Amino acid sequence: MDNFGFLFAANAFVWGGIIYYVYTLKQRSRELERDLELLKETLNRESR
Amino acid sequence: MNQETTEESNEESYILVWLTGIVFLVAMAAIFLFVPTEQTEGPVQRIMYIHIPSAWLSFFAFFIVFICSILFLWKKEREWDIYAHASAEIGVIFCSLVLITGPIWAKPIWGTWWVWDARLTSTLILWLIYVAYLMLRAQTEAGSMRARYAAVLGIVGFLNIPFIHFSVLWWRTFHPQPKVISSEGFGKGMETSMLVTLGISLCAFTLLYFLLMGQRIRQEKLKDEIDRLKREQLYSS
Amino acid sequence: MNLYLNQIAAIVWKDFVTELKTRELLSAMFIFALLVILIFIFSINLSIVKASEVGPGILWVAFLFAGTIGLNRSFMLEKENGCLMGLMLVPADRTAIYFGKLISNLIFLSIMELFILPLFMIFFNIDLLSHLGPLLVVVFLGTLGFCALGTLLSSLSSNLKTREIMLPILLYPLLIPIIIGAVRMTGQILDGTELFDMMKWIGLTASFDIIYIGVSIMTIDHILEE
Amino acid sequence: MESLENAIEVRHLRKAFGTLKAVDGIDFELKQGEFLTVFGPNGAGKTTLIKILSGLTQPSSGTAKVAGFDVAEGHPEMRKEIGVISHSTALYADLTPLENLMFFARMHGLEQPEDKALKVIGEVGLSPRRNDRVRTFSRGMLQRLSIARAILHDPAILFLDEPFTGLDLHAANVLKEHLQRLHDSSRTILMTTHDISCGLEMCDKVALQVQGKFAFLENISDVDKDRFESMYFDAVRDNQFAMGISL
């Protein structure tokens, strides 16, 4: 019953997958937030 | 826009993050420390505690796509379109994880990576349907057409599940049924400790779904907000 | 009701007149189906596998591929010059448009299949004539399911930039139950099984047909909107 | 017949999806027999307005009544009262004019479709070519045939979406003649166009649509043509400037 390797591989894929997805989500969110701030700033400057 | 509500929802999402984290830690402890090793399959059987919850999560996500698609066609509100999109994406990701962990589990137990087992085959078809759904979304311009088409596909795709289930089941009836997830349902021939562990893991994955949904929805709304501001800026100048 | 049926008939009539003039659709589908069968014959060794075992699968793959060409072509006609918009401007219910296209697709596909079946019989040296009745029932059930879903999805994909690619990507996974059912039933019929002995497959395909026609009726309004 | 006095009645009409607003609060009414021309730059939502009024797409909010029918209900009967001409001809290229029009006559549920089809083909002067394939037709002939398609069922209301686009001078004149005739036979007409001279020539009312709103709506008698022209070009320039950045 030496199948620890498979157990490890499955876990690696699942956790790797989840963590990678969360990471890309965060990255994307941060980009969007930055864009939003930038837009708001320019809008404010223009309206003044 | 409203400062107070965003702060409030931020607080809520922090609670959700912590809760999810803690439940996951408990689930991990249960999977690797608490639950006894299964007699015939050995340690590899512990894959079940992430395999089944992933499968559950993706089916649940696809169900949400179905519900949101119906609600969208009924109400025609962008809100439901966002929910359906977010849920489909999360569903596809966990469906992929099921398709990866399935063969890894199958190899040591059945001796091959892939058997055309009814459940694995159905999952593969389901994965293809929702990848097509995401492709359809990616290839159309944002707007009411994309939302309507996606909603139709979300409904058509989910209604296909019973047909896939029965056709694939009758297609190959002779292969060995996996012992732990026998067709009589979960739990037959499973010990209480295993059921408890599975339950905790299911909880953890469900919480994760809501956490990811929250993030994904917030993102889409940010995108919409950016689009709106861009247009405003263009017209005001 | 009379007007409704008349409108459906008008759409079918229009597709037929177009086909009689251009002769593009049927010939393309037929030749394509024939090519698919030929390629399969070259890629399998008929001296090892029994023709009656692989035959049904090959037959349905040919129908499926050729049918997809038909569906694509059928809605391209409607998109050219914005004819679909013209159809939506007449006092016809959207479901009449769906049924009109469904019926004309069904008829074109059936004609193509009727031409392919004798060739299939000759190439694979299988006796179809003794099971002709049940075989036609099965072919009809499968083709109806294909057309029910195919008409809905091709009306959807016709508005996409990449319609030729997206139609099969959207359609094929959803059609898998119909394909499995049709191939199984065709195989059993060639083995001499009676229709009554495969009621579960017939039930599956028939309910697939009914449910997807129903879903199309309910959702076609949302697809046929500019 | 009370409801028919206003052939078109639009109240707070909006078509929006998410943050996109194609039509953003339009109000107007059109009496039977009136001719309204809607000017506006690209992307102002003129086509969307016509699509809503002809029942091709649903409004998000507000009401629009066309020939007494609420467009949101999508009643097929409403479409008996309207004819639409746009830059896509909606004609089957492999059929002849006669077959095309017979098909549409049958779809409209008209009695004796062949006679009706022959009659309108005569009206637009295409009788000699009634049995040629539409594919072989020039742009001008296609436009005439699509007029024939639109008036086949004798609608009380006509929508024209950029009918002059892609027409040569001769074809444009023929189209104008037809429009004049249709207008004289007291049909309600709503036309969108870029072409200022063509548009101002025939209409009773003028509107200018910018960013989904009517910036301007007057009777033709109250419009100073030169002032209108400069106003229109201001609107176009602003809009193009905006579009230029977004691209």
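Per-chain residue numbering starts at 1, and chain names A, B, C and D are given in the order in which the chains are listed.
FYI, contacts are C-beta pairs under 8 Å (C-beta built on N, C-alpha and C of every residue); 3 or more make two chains touch, one makes a residue touch a chain.
Being a predicted model, the structure only gives us computed values, none of them experimental.
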Selected interface, B-C versus B-D, where C-beta contact pairs are more numerous: B-C
Chain ID, smallest distance between chain and overall C-alpha centroids: C
Computed distance of Cα centres, subunit D from subunit B, in Å: 48
Cα-centroid distance, subunit B relative to subunit C, in whole angstrom: 32
Centre-to-centre distance between subunit C and subunit A (centres being mean Cα positions), rounded to whole Å: 43
Centre distance in Å when subunit C and subunit D are each reduced to the mean of their C-alpha atoms: 38
Where subunit D touches two or more other chains at once, by residue number: 57-58
Multi-partner residues of subunit C (each touching 2 or more other chains): 225
Contacting residues of subunit D [partner subunit C, same complex]: 51, 54-58, 74, 76-80, 82, 84, 86, 88-95, 99, 103-104, 106-109, 133, 149
Contact set on subunit A toward subunit B in their complex: 1-4, 6-7, 9-11, 13-14, 17-18, 21-22, 25-26, 28-29, 32-33, 35-36, 39-40, 42-43, 46-47
Complex contacts: residues of subunit C adjacent to subunit B: 149, 152-153, 156, 159-162, 166, 169-170, 172-174, 176-178, 180-181, 184, 200-201, 204, 207-208, 211-212, 215, 219, 222-223, 225
In the complex, subunit D residues that touch subunit B: 17-20, 57-58, 60, 211, 241-243, 245-246
Of subunit B, residues touching subunit D in the complex: 76, 78, 142-144, 147, 224-225, 227-228, 230-231, 234-235, 237
